[in-house]
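Residue numbering begins at 1 within each chain, and the chains themselves are lettered A, B, C and D in the order written.
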Amino acid sequence: MIKAGIIGSTGYAGAMLTWLIYNHPMAEVEFLNAHSNAGSEYSDLYGNFQGFINEKTISMEQTEEKLKDIDVLFISMPHGKSFEIVPKALALGVKVIDLGADYRIKNANTYQQWYNVEHTQRQLLQRAVYGLPEINKAKIKEAELIANPGCYPTATILGLAPLVKNNLIDINSIIVDAKSGVSGAGRGTNVANLFCECNESVKAYGIGTHRHTPEIEQALGELSGKQVLINFTPHLIPMNRGILSTIYGSLFDKNINEQSLKDIYTEFYKDSPFVNLIDMPPETRNVKGTNNCRIYLKKDVRTGRIVVVSVIDNLVKGAAGQAIQNMNLMFSIDEKTGLKLIAQLP
Amino acid sequence: MIKAGIIGSTGYAGAMLTWLIYNHPMAEVEFLNAHSNAGSEYSDLYGNFQGFINEKTISMEQTEEKLKDIDVLFISMPHGKSFEIVPKALALGVKVIDLGADYRIKNANTYQQWYNVEHTQRQLLQRAVYGLPEINKAKIKEAELIANPGCYPTATILGLAPLVKNNLIDINSIIVDAKSGVSGAGRGTNVANLFCECNESVKAYGIGTHRHTPEIEQALGELSGKQVLINFTPHLIPMNRGILSTIYGSLFDKNINEQSLKDIYTEFYKDSPFVNLIDMPPETRNVKGTNNCRIYLKKDVRTGRIVVVSVIDNLVKGAAGQAIQNMNLMFSIDEKTGLKLIAQLP
Amino acid sequence: MIKAGIIGSTGYAGAMLTWLIYNHPMAEVEFLNAHSNAGSEYSDLYGNFQGFINEKTISMEQTEEKLKDIDVLFISMPHGKSFEIVPKALALGVKVIDLGADYRIKNANTYQQWYNVEHTQRQLLQRAVYGLPEINKAKIKEAELIANPGCYPTATILGLAPLVKNNLIDINSIIVDAKSGVSGAGRGTNVANLFCECNESVKAYGIGTHRHTPEIEQALGELSGKQVLINFTPHLIPMNRGILSTIYGSLFDKNINEQSLKDIYTEFYKDSPFVNLIDMPPETRNVKGTNNCRIYLKKDVRTGRIVVVSVIDNLVKGAAGQAIQNMNLMFSIDEKTGLKLIAQLP
Amino acid sequence: MIKAGIIGSTGYAGAMLTWLIYNHPMAEVEFLNAHSNAGSEYSDLYGNFQGFINEKTISMEQTEEKLKDIDVLFISMPHGKSFEIVPKALALGVKVIDLGADYRIKNANTYQQWYNVEHTQRQLLQRAVYGLPEINKAKIKEAELIANPGCYPTATILGLAPLVKNNLIDINSIIVDAKSGVSGAGRGTNVANLFCECNESVKAYGIGTHRHTPEIEQALGELSGKQVLINFTPHLIPMNRGILSTIYGSLFDKNINEQSLKDIYTEFYKDSPFVNLIDMPPETRNVKGTNNCRIYLKKDVRTGRIVVVSVIDNLVKGAAGQAIQNMNLMFSIDEKTGLKLIAQLP
């Protein structure tokens, strides 16, 4: 059994991680770390685990002592908080999967510019592998430190990768309009996330300034070999889970056949069990609670643009599920282990 | 592998059954029957199964031909529709689990009075076993025909059984105020179930006339050995899934200790892995997607009444999960097989 | 114009008060007081008022200076916070309508027992009038200090008053099972009120201990002339607004005709323009945004109990609308002024 | 009083019209027409009107007889259904405001291509005025026949008009990504609009094929004097009401100052009381139940694009409220009459 520790187990991504490891046939939870809730019964914080998990959360001090007992450390903390613990874990030979943003951006200056935090572990940036298995599988298998992708970037990069890799669209024409459920905002208390503030409304936020922008641009830049600037606009939707990313780009060849484009996607993802091209515009509910990404594409013959719609569960493929997928690869077990999840409807 | 057929696979309970059997390690779906949607790709009707189930639904005629190939038949149809198929399946030695109401009420006249349908298979009523495993486990193991309980009765009877069995409350004082998500109304199209009609509102319905009333009364009557009349008021809540049943009854012994009552529940359910007495009022989300029933009780010293709160997922413990639990028992496999489900939060 | 000040204008009831006064033809807002948000643009806190209200909230110190400029003071603060300001306002001849709980319970000891706060203005308790116009209209017209009823008590007392006043039910048989939207929990930040925590779930809370219990019992006691103990169980529903109270009681005369009961309600409320007896179980959405209370009753001939369903908007008839209705009566203008509101569907 | 008839009063737009006219100080409802529900009590169909409207819906035959009694006819029917009644009403001197699509597209061939219906009243197309008062106020005042704009076009055209009119963006760069509440789908019964199908999910639909596309293109074409092709992608959001349109376009002058752009909007809408440019990204809830359109704009200096976010209530400014605004203009009364509505929060 792979022994796993979770730092930040009391956020929504942390709780999803706990769920996935609890249900994983080859991994088990060694400890559940918490910050403000350290010392609480975990099942008092997440009532769904009552009768299943009978364990108290531990503090960071206790966590450090337990690092030596684990094989893999998952970190689900706000950006800027992981810098101390990561080197300690790595020094002990523990593999690290960071669900936060600290090791995603290769350029520390870019990181600092978008996140307003100084990066104090620059030497680790090149060791860190961006954990999007559909793009980086080989490197992930060898990695000690994974920068687990953000939720919006996961949906968006998967939606665009075949087009960008094959140089089919004008890299400077890309517009990403994304919609997320409220769990993306985390479990922190602020007025904006109250039920009565989110319910029965939709809004855009972080227009042109959202921190997932450089992450998407970096990945597309690597795929295309060019510098990429995109427009990215996230929106908040009154539902718990799910991201839908609607992506627009100008095709170089206006006459390219839609089926050809579909074939390119199918080929690109032929070894990616969690990504499916489908024939009808996808709904987030169909991937809820799963590690799947579903992609739909439509060539608009009138404008010569392609419209791609990509959906994931922000807490699974967009966070904890992808982290488990990375763990599976790092420990040389089947990528799908513990992730054969089908959404329940309704 | 247990080979299962599902009649009425396109309703919400049918879709949940399909999900559970698909994920069950010792059973498999042999056919998916549909009525108005016969001949459709199942994954066109339930997009969650896209990439997992690649099968067309079949008509009742095709279903009859396939009866000989299965071990167990699940029926999820409106009341009054099962009378023809059940005897045919039983005659072939197929075990039948009927999720509908037709075999729940032992007294055919009572059935006819509440359901406005003539019962044309009265001879089967005594062969049918009421499939609430926490009450009837021994009989279920021997049964050929299971009348799978209704969703409200499941939550309510489980909430009351220890009190009633032990003669602790005045059987004529019982008031059941239940709240259900909208999936309980099924997938049929009518204005009342549209998103904009249910959302942002709550209502009572079927006050004093809901068909689950005699089913609850029958079960409580059997437990107490007395005739029982209750008040039962269901309410519709703007959420997909979940039932919460709030139950009131007058304690015979006003001085009885709350802990004693809790001990009686714990004892009563000591062999029931899906029923848990908990210390805080339960929330439906904590059992969503699971076969669990959680019960909370509170003695009100001021009024001498007990208040019991019982929650289930109406489509799982209240329908398809309980059906699988019954199947497990009928085929002598562990009751929990395929049902070790934990809710995902949020 | 009636000049009104609002203390606690930034809670949900305060915001509804602001809306109602802004739309009232004979009243105007003189100041908007806030606690933690003092000094903010009101329309930054409530974006709906952008373009309509261009005013900053003021602190308690500023409020005290402005008391002399107003005719009526609305107070919407947590219990225990009004004791200082009320006497100051009354001393200046300002009429006071307190939406909080501090003057609702006549017996200060009962108040202290349920609210865990010492009552430091006991001498005002007898001057305070319980502001339920359908019961106390004459007294309200003469009052200087109104204790505006709680939301659950408003729905419940209106649902029960005709039965209790006419001695038709056993006063000790009353069970009140109430359901409320999340706005009842206010705009304070805590995890339990986050979108992802309330959405897709229902729960009971405060079973047997909710502070509205003694308020309901006091009102029913006054109507019946007897001491009353009830069971009261509130539930949280995933919607913004609305209360539905389902009420059960045992009829003394099991043979009484349902129509006679309806006639008694119609007679009782003949001068109450906001209360309507209707023929179908009411839905909260039909009174959303309005000052109306709709009541449905059903005699259950099987059990001899009556079931009453009463709905209101918790922020209007259950708080701010009722406060305006009281203001209208206190200032001798038509009770309906500024309150002729019809719900918008959907 | 302006006497108004409503054809199609039982759809959501029709019900909103009824609400607005009922609350309008200078208009009154003369009849409420229905199709499948003709002969029903209106308040049985829309319970919010119980106690306010005590009138039965009438059939089309009865409607024709009553045309002579009204001043204005509102039509809220599916496209293709208005062709018979409009000429009859006009012949009687009745002003007609058609909330449907039949007179919006000036080119009958374009209409037929997108709507798959033959246009049998082509001679009326030039008499019809596109009823977007912020663009066409002078013509609306003189009009006999108004083609009331679609909901998506209203939000989108208002969001783009100042840019397009002033030739600030590349007309062929426009991408419109719109999000709508479920009421936009109407009150018809189909599985896709059930609560359990829409709740907790988001989806795109009609990608590249939605019928509001040519309507938006026509309006932008008139404003710019050029032919316009856009990408338009609508999405369904789990809420009752509201449209948020996120609009992207390439600025000709990448160096233009954001404040200059804002000034252009302010100037453009200086005589438009319902349109406001605001400083924070708008939320649909802040315009719910109102005739307001709120617009936010952001210049993205990195890409040289402008992002405009425009919100309306799809049933008010996007349908019935705009129809009333048009009526006010046609009858020479203040545009704002009956439309001074502020959203209630929460």
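We adopt the following convention: contacts are C-beta pairs under 8 Å (C-beta built on N, C-alpha and C of every residue); 3 or more make two chains touch, one makes a residue touch a chain.
These are the chains along with the protein names UniProt gives them: A, B, C, D = N-acetyl-gamma-glutamyl-phosphate reductase.
Fair warning: this is a prediction, and the values are worked out from it, not measured in the lab.
Asks: Go through the assembly and pull out the chains touching subunit A as well as subunit B.
Replies: Touching subunit A as well as subunit B, we find C, D.
Asks: Going by average Cα coordinates, which chain is farthest removed from subunit A?
Replies: In terms of C-alpha centroids, the chain at the greatest distance from subunit A is C.
Asks: Name whichever of A-D and C-D has more C-beta pairs touching across its two chains.
Replies: Contact tally favours A-D.
Asks: Can you check how far apart subunit A and subunit C are, centre to centre, with Cα atoms defining each centre and the answer in Å?
Replies: Roughly 46 Å separates the two chain centres.
Asks: Starting from the mean Cα coordinates of subunit C and subunit D, work out the distance between those two points in Å.
Replies: Each chain's C-alpha centroid was found; their separation is 37 Å.
Asks: If you average the CA atoms of subunit A and of subunit D, how many Å lie between those two points?
Replies: Inter-chain centre distance comes to 39 Å.
Asks: Please list all residues of subunit A that touch 2 or more other chains.
Replies: Each of 12, 183, 196-197, 199-200, 238-241, 282-283, 285-286, 346 in subunit A touches at least two other chains.
Asks: Taking the complex as given, what residues does subunit A use to touch subunit D?
Replies: It is residues 172, 175, 177, 179, 181, 196-197, 199-205, 207-208, 229-231, 233, 235, 237-242, 244, 246, 248, 281-286, 288, 296, 298, 300, 302-303, 305, 307, 309, 346 of subunit A that touch subunit D.
Asks: Sort out for me which residues of subunit A touch subunit C in the complex.
Replies: 12, 182-183, 187, 189-191, 193-200, 238-240
Asks: Along subunit A, where are the residues that touch subunit B in the complex?
Replies: My answer: residues 12, 15-16, 19, 22-23, 46-52, 183, 200, 240-241, 276, 278, 280, 282-283, 285-286, 289, 292, 294, 342-346.
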